[in-house]
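Notes to accompany the following structure.
Residue numbering begins at 1 within each chain, and the chains themselves are lettered A, B and C in the order written.
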Amino acid sequence: MSLVVSLRSAVCLLGRFPALAGVDLDIATGEVVLVSGANGAGKTTLLRLLAGLVPLRAGAVTVLGHDLAVDARAHRRDLALVGPDTFCYDDLTVAENLAFAARAAGHPPAPTELLEQLDLARLAPVAHRDLSTGQRRRLSLAIALARDPRLLLLDEPHAGLDVVGRAVLDVALADASRDGRTVLLASHELDRARTLASREVELVAGRAVGGRREESPSVPAPETAPEDVGR
Amino acid sequence: MTLLPRPVNIVLGWTTLVALGALVVFGLWVAPPDAVQSDAQRLMYLHVPAAWLAYLAFFVTALTSALYLWRRTRATVWDHVAGASAELGVIFTGLTLVLGSLWGRPIWGVWWAWDARLVTTAVLFFLYLGYLALRRIPGDADARAKRSAIAALIAFVDVPIVHFSVSWWRTLHQEGTVFNSELSPEIGGTMAFTLWLGVLAFTLLYVYLLSKRYELSVLQEELEAVELEVAIAERIGEPAPRIDAAAGAVRDTR
Amino acid sequence: MTLVREALLVSGKDLRIERRAKVTLSQVVPFAAIVLLLFAFALDPDRGVLTRAAPGLFWIAVLLASLLAVSRSFAVEAENGARDALRLSGLDPMAIFLGKSLAVLAQLLVLEVVLTIGVVVLYDLSLRSLVPLALASVAATIGVVATGIVYGVLTAGLRLRETLVPLLVLPVVTPALLGATRAWEASVDGVPGEAWPWVAVLGAFALIAGTVGLLAFGPLLEES
């Protein structure tokens, strides 16, 4: 099984603070991995490191076959990041933001099915500035999926979404996994996320517990039936 | 870590002092006053060497910036030298402008002249100031080094363009015969010797100060490396490492 | 996608945002016009100084406006993590540089047309040789924009950038100011022969600035 992500003793700084202090992590193709941890544990930094947005201070990182110490840019077209920033321009509409992101990644402007899948179709002519938090979240996800990524990096994707939004997100993630995309999901919402993930890694004090595939526990089956989770 | 070996540094320091002393003696007493400009011309023994250093320091900053940017030669030593050289350069450039002004006043009757060399030096001064302001912004050392290096190279490319366009502009506008008279008088013999002595003394001073400033810069970096080791240890809950081991360890993992 | 098409995608995006937000139109152009007015207060129109100094004053107003335009170009990228998005987008950084420069260039050229009318009307300036004047203006603006965009990305995300960008950009673009003003003076005097050499200087400056920009923008975007 090929590894999409491989980190060895990765150290990452935020200013002078070592947000990641020696992370070991392996993720194989098609896995859906949940990254849990307290606030400040380094989840966001880990995702940004994998996207090549944060420089590596020490250690080794390979993502999608590219060694990030050599070239932190080459792998970016094949991944997508959904984080606290929406990556959109306030003055442009939903459709325009989506079209720009898709065309920039070398794809034709996203088909309407994508907008419908994420319940954004009727919001197409609305400017980003006028969207609610939940709507912005869904737009971020639409942009990420429009890039047709092999690796999907999600930083607290459920935050700011209402019940309907979360259901939409979960379906989209299940579809993504089924389509063969590898998903890395950083989340506080452990109950919800555990139903989606096949494996859990916990970040504690800048290090990953369960990062090596032999060590990590498979996610415990939920005690409640799936239809109860939404309540 | 020093730029030059310790004994060389010490010899350099004393030689600089002697050379500067000799310059003072020659410049103020031994060299004869100029036939036309009389004693005012003695400022040349400071102004010309200062100008030489202003441009030498700038060249060094640009060269080390290029060496830092080029992957094959990338090393933090170049970044430290670039910053140190720029600090010295801005001082010498300011000195050049002030001395030029002081020298020009008795000769031309005005504090400033719009000739190509003075104007280019003034622009150089501002380019230095911008570069130093950029370096002063706190942040990741690598990013700052890269940013500053690119700014230095842009400035380096710009200076000849500025000089060329200003000098062409001034030759097209031959206004004010008073500004046509070159500041540099005809010199020979003792005066030429004193001038070269000045250039030598200032160059020695530059190298010595550069070496000292470089040491300071490196010590600063080592301090930050140690602080990082301590911070990592605290983060993962281990006892803080010993200082020398820490500095060595962090340098190895870089 | 080719470099040119990617660049047009980026410039299209920037110009579309400008069309919606109208910052250049409603703020930068009036600012430049006010600067022209201020010069009149400072230099007493009745003594002919304004007319003689008009080319220089025009270009100072344009330079100050260009600082604002470049600043605005990067302010757009500061919202919602757009710089991260540009890095992740897969767009060639050279294309992003070209696209942003094109967008600012277009806006500044429009501003220059408006200001030219202003200068002709307010400073009683008569323009004779228009071709060298136009060419000089375009070349000078390209040089200034390219330099501004490079420093814009260099300082993007830094604290204190509002006061830093002018300090960095203005010394570097002095040749452009010099050349453009001399070319304008030659055009005003109706001696185009004197303007052409300056047009060449401006062209060289634009070429160098553009080349530096293409090379430096990518690495600088990564660090910003």
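General observations
The working rule: a contact is a pair of C-beta atoms (placed from the backbone, for glycine too) under 8 Å apart; a residue touches a chain by one contact, two chains touch by 3 or more.
It should be emphasised that the depicted structure is a prediction, and the values quoted were computed from it without experimental measurement.
Taking A-B and A-C together, the chain pair joined by more C-beta contacts is A-C.
Taking each chain's centre as the mean of its C-alpha atoms, the one that lies farthest from the centre of chain C is A.
Distance from each chain's C-alpha mean to the overall C-alpha mean is smallest for C. Separation between the centroids of chain B and chain C, computed from CA atoms only, is 31 Å. Separation between the centroids of chain A and chain B, computed from CA atoms only, is 49 Å.
Between chain A and chain C, the centres computed from C-alpha atoms are 39 Å apart.
Residue numbers of chain B whose C-beta contacts span two or more other chains: 139, 142-143.
Touching chain B in their complex are the following residues of chain A: 11, 13, 15-18, 21-22, 55, 58-59, 205-207.
Residues of chain C that touch chain B in their complex: 147, 150-151, 154-155, 158-160, 164, 167-168, 170-172, 174-175, 178-179, 182, 197, 201, 204-205, 208, 212, 216, 219-220, 223. Interface residues of chain C facing chain A in the complex, by the touch rule stated above, are 1, 6, 9, 13, 16-17, 20-21, 76, 79-82, 84-85, 87-91, 222. The touching residues of chain B, counted against chain A in their complex, run 139-140, 142-143, 224, 227-228, 231-232, 235-237, 253-254.
Residues of chain A that touch chain C in their complex: 51-53, 72-73, 76-77, 79-81, 83-92, 96, 100-101, 103-106, 127-128, 147.
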